[in-house]
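Take a look at this one; I'll ask things after.
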């Protein structure tokens, strides 16, 4: 594709209605999976987020980092064990989780955004006591796997008010100063709720919710709350999709305008969601 | 040209470095000529200016309106007379100038910007005593043809600080409350100087300064002050181009970053100037 | 009358209680009729409004301009036609209305206020999308005669917050960017309502509402809502007074503190209304 | 004199140029003498100062109180002794000075201003460490008679920024927390200098500086610095006028725009000075 | 006691939880009695209040001054007469009250706070019309003894917002500009209520409310509203303690967090109340 | 030592002059060595820093973490190699440095400060592009060992203005997005310079600069620039003390008020430095 400058200008102008619509809006993005692992996808996501900032939106990034954690545990001779999709997290595992998420993954995203012209600041849930957590499930078995008790959004508001892009590692802290490993989708949902965000976008490695998991053409574009039970019963919503749908519903109920499960493997997935009429992936709404 | 959503997203992202570069910058645009007369060009200019605002620039529009004035004078049975390219402006002509520029052209531009999602406010040099003027040349002959004595930019600053796009009719006022018809290029240049604008863009009906006026391929992309005298002597800068070059030089000397004479007949001329590496037309610099 | 400086000082001090009472108050003034046509009355009104600003009030001016429109239409060979007191406004008439109101009358008032030490800014209902309008009555017959659908007072608030006096031409705009000629009383009333003004003052060419239209001594100083029906039935409120009383009642119902129909032919009518205990003209109240 | 409402309105409007000229200006008023002692004069001064505030000026009042001090000393059986016009101030006298100035005179003025619609706050030089003082002359003989070492204007700026009228008792404090009785003219001059006031007005019991002290028609309207020496030599400036002229000159040299010695016995003396072209009394200028 | 620097640092750190707890809190202190009369106690109170300011609290001081008033009346040959514990206050007594409280006591406290590093401003209830009062009881008998009708807290808010410590003399004013002598406890309570203070502290000359007035070991640490009636019946709450308990209850009912009656004779009584777990004296709560 | 509440109050009040002196001051603390390794010392440092914040100072923490890095490298089977006291940092070592400093040490300090009542935010030099770095010395040999090119203090100013305590990991970034391991003393010095801090405190494991390294009684309390050369010649300043003295001198030359090398092994070392007259350790001054 070779376009003249004029053709490019036309396309910029085409984006104007979307830019106008989203001006001043807060968008929480859960960033993880293939979109984080593949270098070219990562670069495109960084560009998308910085662009969002420059055209007047307030993006907030929450990231995961499971594969990097697994890899580092392996290098240290520690084993990765999962129960119901949750990583069993004893104290030494938790230490590695914090180092990898807060010291490596978080700062790589920050550097990537800054390299593309953004002004990003990376924090974890410990900073400014952002994420108050508690253990989830059987502590003896699961260790420091946590869930969100409360979001204290002061530092996010400060960063946004000063034109920074907040990048958040999903680590919580309890009143004993113990750290917790929390699922990034849950954190993104809770932060979107606390910030009364206009949009929550969960980047995944699937095209969205599919009626037939093997057939992308069976994408459910809009998932209504009233249909959720049926879809769970018939197995359409299952496995890893269950908690994601849940995160979206929680956010919508807490006042978040729109929630989306989109395919992070698609280049510029976030821009496509925002700047095209149809959007991509599945939008979950509370109806 | 049919582009996929992805291709469009790529093009948006291509614009990011330019958006970043111009974020927060003030750009004064002299709007007139063919770009104002032709409906499709006009629509594109409106879009360009609103886009500039949404991606963080502060556009200020100064407009002309000669043809509309001539037409109204004709309808009223008044004759249009020119001396050295300046309209002889007696009191009844001045009344028509004010009505046409301030009541018709100015408000049409305002409505056009607002229809494209902007928040424009149209004023003349009388509002907030913005443009203090005095007669230029032989008053007995020329009447109320004026030049800028002083810009009082308070109202422009107020409008920009409140996210409005100022649209300015080039009418000045003297201490006796007499109105003056001032060339729009002069007003744009004086306002750019008073606002310490980063850029002044004069829209014209030519591709820029040409070595051979009949051959667009002889465009002088960068005109240095040091070359101006020679170009005047050899007739390269002549006719209507003379005062335009002058306006640019005055602005540059007063601290305006960049000044441009560009072809308003090119669709999206302003965006092309700003969002492409080469720019278009002639850039006048003080070297 | 020759007064010593001391006597003048005494009179200034007499005004203190009124100045104190109206400090920080918003007053919308519909300016039209004889007060606009006669040069000496006009100068006094300008002084009154500027004085209001300097002693801490926030005056907002809405002006008419019927005679100037009629005169210009005549010069252009267009006929002025009225149905039920409303000007039939086809597209070419509307163009003239806009030019005369927005380009001539509006800017003359601005210049007059500025010449008396004010800082006025003239806008129309197009600026900042201030007045959203729709056609009133039979479009085929009446053309672009409009009524107010919504006031978007952002620009007025911005101007007041920055110490400017807003001067507003009564032109509205609909979603198709069509302009409408709206009665200035209606616009003044709607703006007073939107701004929750403390006072609305309609300048007219009569002493107020008279029981006997030929006898000024029969002035009704206070008109209560509860008496309106009776006064309409018995013909006391009739003709041009009907819509004016209506405008006042609409404003009062929308929360405007006081509304007044006063005689613009009386020199310094506005000051007299504000700075004397009795006021002048008819005050319309919702009781 | 019986004036119609209209005639009164005309006079208000006459004041407009003066109101405009002094809008936002800071005026320090030394209040004392007959203007303080006589009930009707006092009331007029209160009105003048409140009016100044309402029409946009920032008046600052510094007051004396010699007669009240003398009277209270007498009631307490303490004698009043003067050397070169300065009150010998031992510790018990100083205690009385503070009580009378800070507790009685100061609060009476505050109440008077508030009763006329002002918002006055009374402080002494101890509050906010406003006036740093040191003894003047022979301490053994004169005791706690002080002069200004430094003005710390923070509290005055705070009060003005919050729309209050500061009323200041001329008491200073040194680093040992000892209080000093300072001449009110000196304090007014020092505060005018520290505030870069636009005007300093000293109210006195004479018409101004007279060539012939017995003949008011010999008033020197403008006293130039260059003439002061000669006037001192020939005895024109003598006695109590000497320190007053000095105060004015010090203020002018420190950047105060205008300084005036006026007759506080003239009703509305301050307004007359400000709102009439000629002013009253003697203006001292640094030429 | 000789402590090493380290031991002192430990103690500072011990205070941290209290500093944290009271950060940003507003505390109204009624200052009077022995704490005001004895030089060393006074110095300690000044230090306590300044320290409170520096560690982030907003102290507001309301002071009495009965003994100084009595002494000055005596020197002036005026007699002090009391009815039910209230000073009979005729016009000349009131004049002395104002001078002593506003001119002497108030400014001494201000100077004391400033000498310890504070920035205090002394005002009375006349300043900024802070305390609107009315006569209490039989005017003919009691004269200008007043009670609080309304607190107009604007000036206190201004002073606090600008980092000053307000020091308030308990003098009120009515609409006739008459001054009133008001009990300082009442004023402190009313100001605490108007400011929605977090704490009201009344300094007294007793250890608090005692079951047996002669035995300090019978201190009632917490007095509940529900027990008040019984304590009044059995004479535990009697004499001067009755109005103090009343002031506390009024404040608590108006939303003041905590109210305390403490022993001003204990050195650093205020700090002890705030910085120790047990506090001192009697806390009155609405339960 | 058992102290009464009163004795503790006295000690708080003793601190008042120091609190006053340091109110609003910015203090950069390099935190490392034994003060970081020992649990009880760490707790005391956390308390000191939080206390500083509550009494009005603006502490900024820069931390090291060498031992933790060495330990993690060992666990990962990577060797720690040093040349001239600098850690040879190849790419895999740098990755570990970032994880340990940014993900573990930094967040532990943040949690420690928050647990003591602070509001800390942990960032590295990547966040907000805070620390621009370049390689120091022979890249081939030393790898990613860096020095500070530029501090971009925007994020620190934002955090301080919003009452947070910034905690900074000494990692820099160059224009190729490569990370650098920078000595924490150097970073502390550069940040103190960029913030025009009032004080820079380097915590070490020695009592300060000693004339005889084995004899603490030979402490040099004040080290003047003019004596540095001599002390280097005679070996007094040597080894690890050389770069620390250098950091102090660089900071002083850049306008930092005071710089200190103190013994972090002393409990509450920072408070002792600030809150005692003599301070502790060695103060380095530019004389």
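When the chains are written out, they are named A, B, C, D, E and F in that same order, and each has its own residue count from 1.
Note that in this section contacts are C-beta pairs under 8 Å (C-beta built on N, C-alpha and C of every residue); 3 or more make two chains touch, one makes a residue touch a chain.
Bear in mind that the values here come from a model prediction, so they are computed numbers and not experimental data.
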{"item": "Whole-Å separation of chain centres (CA-atom averages), subunit C against subunit E", "value": "56"}
{"item": "Distance from subunit D to subunit A - Cα centre to Cα centre, in angstrom", "value": "68"}
{"item": "Multi-chain contact residues (two or more partners), subunit B", "value": "none"}
{"item": "Graph class of chain-chain contacts, one of line, ring, star, complete, other", "value": "ring"}
{"item": "Cyclic chain order when read starting with subunit A and heading to subunit B", "value": "A, B, C, D, E, F"}
{"item": "Interfacial residue positions of subunit C with respect to subunit D in the complex", "value": "1, 3, 5-17, 19-20, 23, 44, 47-48, 50-51, 54-56, 116-117, 266-268, 271-272, 275-276"}
{"item": "Complex contact set, residues of subunit D against subunit E", "value": "72, 75-76, 95, 98-104, 106-107, 110-112, 114-115, 119-124, 126-129, 154-155, 158-159, 162, 164, 171, 173, 177, 179"}
